[in-house]
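Listed after this line are the structures, all set down as structure tokens.
What follows is subunit A paired twice: with subunit B in the first complex and subunit C in the second.
On to the complex of A and B.
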């Protein structure tokens, strides 16, 4: 993340103090402020939700090491903190020393409900110790970093048992530091309570073993972990409802948290947060190794060594009791890349769920609704481990959970199951299959004889439109633009040529060359967001931009169930990272091996993005099953969906 | 209702727009007196179209089986230049409900649908007619009254809604005029294109409120509607200056705002209006002048043109005054499409909206 960007601190909406105030009493081991995005200014002030962002903290009488290295300049806490503490490049929180420290750099994500506080505390402490005695150590550590992602875990242990103890008792210690006011924001009081529990638990654990488990308030995400015992959800905030449902099952201590959870959108797991990644790894079903060399800017996204998961997963097929085999199969297919495309993945997932629901039977003494929801949650976590969810899948899951929740309590088990199965069938039929038919019907009215249509990659909706228009006898030709490493356009090309449509095939680098003869551009989308931004396969934005420049109308074909109320301004904050080796290799050309051994080079990182965001200015029209709408009307559709419960 | 439209018999070309021809007939340079006489002489109207329409009428009458013809009602439009075509259609449809002798809801709806189709087919190039009919159907039938057991109460509810819609549409002009008063300030210069009765109403109201402004009128070839408009404005004592169409860019500097009406407002938020509107909007945008569109809400159509040629063509004959060699082609399109990015605001009876609201309204109505 941009180090210049001050992370927005989120104050607890219920309690807000503005102006100078005395920091809360440190002596109590009160809830450490596991507030997210607290600028790591080292303030490390555990004073949870008491700080207002507008306030300039009074000079702190911090413990010596800290104050030395973190000048009280809250304006750019990041830079101030970093610059002072790090001997390495002050690249925001990504500097290696930070990375080494057990604290994660979770500050950039406002919604990363991570114990940024305590983490920072540790880092501060650790970092502060750098100059004093650890330069050599730091250097050593830095060398360790590129070696292997896993190794970082162990390096954590190196610095000192103290630190993890520090981590364990970090919160406690931090509270003892006076005066650091600062940020605050305490994202959720629930997180505080959680953190407190974790702290106490960790204190016990740390007392027993020197595990490098810096608990630090797990935050909402971990509550799900504890609940399902699976990897924390990487899913976007729309899983909030699921977490609420999940949290219902926890003990009473979760009750107050539930309300809090409803107010605040559920944060996604940020993968630059060492501790949580650690935790996630331990709980995950699929064992994956983290990629070694990762691009700084995208550290908040998960990236694993490709190919490491599959063999392991396959071998454990018969041991995975909690996962239904159908779901397992689908997960493995995702992993292998057999199923791709929003609709295909969604349908495959829903059908797998259908199978599992068919075979489901309520355990005694349990309510069907709750238990089924838990099961679905666990399946979803598993699927996330295989491959992060697409937005269409997320919406489908949300629909499914809503339907399960709405089941009348007096239904017998078989009736309830039949009802859910029917709902899923209707969803697939109405929202996907029929929706596609309606889209095709609208879109062919926009294709005239003599048109030259350009499409990018391979979208199922666009393919259907082209085939249908050809059946209707319209005369047109198609230009297919493709790109590495997936080269999805080749499949589309094969199918279209097989039907007798005249096609031109080219790669993305030639799109501006070919655009002058194009009359319409047809693109698919993985999702359309509320501000009209189209979230689609990487490269789509470039094509749309060139088309806009040439004043060629851009038509996006997207079913309405893929719309989401989220707003995204760039392609960085939320994306998916693919296998970087796919870029390094060119299939069929073994002599092109310039990038062999790229992982050994410290200066080189490969980035394989899967999605990108196209701004709404480049989009002329969106064709959905609701008709043809301008991009500004997407929030209206999203609102109508939710209001009229058009989710069947 | 499969009667082939008489247009093919009376027009040179099936695409020549009856709508625009009629408007030209109304608003070409003609005096009020002449029109009054024409109205008085209804029964002896010399135009062919009437006789065509009478055959249409009778056909429509037979089909509806009760001697009532919606097209009869609708033809009042041709005799009242002040009434908007769509409003006349809406009122005609309302009277269909009133005089319907159906005994079940289904029958009534079918009757309505037939009447609406026959009206729409009378002129397929008129967007406001189609839009008005469609919106009327949606508005009227979108009521839970249709679930009532009692047919009569349901019918009266339908009628109530229909008349309300008719009232709203009829009053739309006044509402728009009232809303737009704030935008006309003393000393401003307004550029107007085409003869829009809504815009005229706006300016008339402003003049009556004693605002001081002056108006630039484009000539509006080939119908020369601008001349008529300038005539009307002169009667209101508003300073008017006539510009030939090519002089728009030249005078744009002195202009404070551009006011146009619309034949139809499309889903993207753009408008379809008399030929020349797009040009003026382009010039205005490049010079940072606001473009305001005054359009009633029944003109919101479910169309989405991607470019100028993406609409049903509406042609009208252009008279150059001199004979042209036969090899020379003439662009006869009567209208063009202005994309939403060149429009600043829409003044409608629903309020003063930004162009992106059109789609929102349509979605809510059609959902």
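On to the complex of A and C.
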């Protein structure tokens, strides 16, 4: 249809705007990235990147996120000089990596786009010329998925001819090729149909928006689908794309505005708003008695009696009809504190959802999509009552709902269920398990012989890093800093000592004493917010602050699915409150019993904060599955990641 | 004599075993011990002050070595030495003045000293003035020659006494001892009432609706907060529990009982909460001459957080906590490592802590320091019983209480 729409897919303004570079850069054939010559395929060898102390440079998957932060100036001259010569290695160009990145992990996923591309128009040529390449890539990925940077693989392997000729678009196709080759027939048809629908919708939207053609794709982030049909028409002409880039820019200015409004996270429940609290209470499944002595400063957060909730919930198992037993079980375990840690909670939740979806059957006269969504919503609100969701869980739920909403209408129930189950599996595998492996790979390169690594509490990612480094035979010592009331560090200590790692254990107050000898601080995070604030186990901020004071680098290990576009400056506006009684008791120290019966004193409150927010200036670098990034790059990842989310 | 020795030994053992908790208790006990030591000490007829100083130094050295980390012991020994020097000086000047006036009186308040045509002239007069007058720029300037002359006058004073009548001698002997003991009594009094003096200043620092954070527990802080409360100020207090001793629990309970809105938080939540806090008020273990603070463990973290959020960090310290020494690597050298049992359950981790197994060094170490060092730049204000002071003023404040000759407490004979 409209030729101008196409390039948008190629380099969506939303993505493009992140960086500093000027549009012309984008449209021309990619400048060879300086690092593109580094290890060709999947082998991640971060040690090889000596570019910058903090960031891992491009060859990583999603290199774009980082490269975007390099101003374009230094690169453009390069392009002029050796563009042709180096074109065999197309990776570094801004264009491809830009939109490759969002799809990076989506590679194996059904790629709605690709079928259309490969079949239509000029692009067919590329597609047909490539099948082997694409399959090869897919194979590679499958083989060493866990370790490899997903995106890098495909890009690096890209045949010369394609990139030179087709410019950016060609690469996109390349990117999606593997997915295509993997995908089952049923999906391609579905995808096609959806693409068509989307396109029509987009066209309507465009017409509405006053005929500015460039807006056509305004239907949102997933507009990629809409474009699929048309891509091939325009792709090959480079000049065209450059001219389009300008128009697209215009469009780009407006479109994000629209989207941004949508993106703003809606405000959370404020528990000092009585009306809403009342409403919520009426709905609630778990009986919640408000705590008798509430901390004034935290009235906006739920403060409930903890002691009574668990037995109450347990006793009402048979009355909770709408809640699937698997979900119920997870909820009870959250409430009891059996499952803690962002990843564990998230995986448990997703698996419970899987379980419930498996047992799900659409009631008559209802559509699966709607009904399942409400079902999930009720589960989620049940889980929230058990324990407030972590941000990572929120992201996972968002993902799940998107997937459900995007199910094709004509799928049979079993197909739909299978597809959702598969999606959840993929999410768990890619976003959590694989991501952790990638993080471990990255972080291990930062551990050297003789290092003294300090960690706080117990983070699963950090533990894996330490164990892996130990397996590699690195000589290092670990300082485990712990704090009340959970004393999770003791568990970690047990496991590390069991593996033969030399450990020093201390409490949080002594952190300035031990910091003298520490060479690196490795911390986990519950979430990383888009202003670079690290939202994590309470006390993390103190550790990071002391480390900062002692000029010790602070590395935060966090999977990218935990990133969130919300911003936060302090630890008070949003947080979670634990059981205050946990503070009154000191385990193993019965002589400390001053606070027994503290509830009787109206002047005395106990505050058990769960999280705190570490300001970004205390963080030297964040290690994610997308590489090692400075905290300032978090919004970039968030942005990329949201798109990718929708694309999966 | 054996009586005193056994007392001293007992105290030494207590110090070595760390049986005495808290700098205030230590200071008080040290002062009392020195008092009884002085009262039982027989002094030679000549150069009494010198002999007494030597004797006290000898004991003091032992006491300090028994627990070098407890700076209060050293502080009190130095204070007592300073008292002896001062008393001796004032006696001498009085004697000199008295001699010139044909032994009119031994009165200490020789205000009219300057009027008399004294024999030893300027040196004695200046010395007398310095003992009686508060320090000022003028005395500082006048003291220039005097500081060199002090030891000399004290000894020469003794000599001159020796030459005078024996009856007077006896009187003088008793007089010196008596005066010293009186002064030490005053010192003990000061120590036990210091927190009252500090608490009196509370209303000047705490306003209505203030939010105050403190960590651990300190008698001085409790009194300070309660004094403000009694003056009808209503404010809220966050108490960080202060691992590994969790004294914050006790403090919170007491404050709540006294009607203050109290919230107990974990130590880890200090950073989270400090942005809503108006002032941090903490006690100290010792205050060094550079204005740095040896404080209960965890306070460095609190001070850093306070600095980050520009929250005033106020340290309450009795005068007996002022140490005239400058710290070097205080985190290590002025620290003490406590038992790991406070952190880990031995039953659970005993296998890891075993030095006997494997390579000889265990995989697991537990660090449990008792103190933190807060550098002077993190401290906003010291409140002592003499008022509020800047960290940078500490070195000057110290000169009121300690004589520069005593900074190193070591017997002359041994050196």
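Criterion: the second predicted complex is superposed on the first by the 378 of 648 C-alpha atoms of A that agree within 3 Å, B and C clash if a C-alpha of one lies under 4 Å from a C-alpha of the other, contacts with A are read in each partner's own complex, and residues count from 1 in each chain.
Just so it is clear, contacts are C-beta pairs under 8 Å (C-beta built on N, C-alpha and C of every residue); 3 or more make two chains touch, one makes a residue touch a chain.
Just so you know, these numbers come straight off a predicted model, no measurement behind them.
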Based on the superposed arrangement, let me know which partner A:514 touches: subunit B (first), subunit C (second), both, or neither?
-> second
More subunit A residues in contact - subunit B or subunit C | C
For A:640, is the partner it touches subunit B (first), subunit C (second), both, or none of the two (neither)?
-> first
Listed in rising order, subunit C residues that touch subunit A in their complex are 236, 241-244, 246, 249-250, 252-253, 255-257, 259-273, 275-276, 297-298, 300-301, 304-305, 308, 331-332, 335, 340, 342-345, 348-349, 352, 363-369, 372
Which positions of subunit A touch subunit C when the two form their complex?
-> 295-297, 482-485, 490, 493-494, 497, 500-514, 516, 537-539, 541-542, 545-546, 549, 570-572, 575, 583-584, 586, 588-589, 592, 594-595, 598, 601, 603-609, 612-613
Footprint of subunit A on subunit B - complex, ascending = 267-269, 302, 304, 306-307, 310, 340, 356, 359-360, 363-364, 366-367
Quick one: in the complex, what on subunit A touches subunit B?
-> 446, 520, 553, 555, 620-621, 626-630, 632-633, 636-637, 640, 644
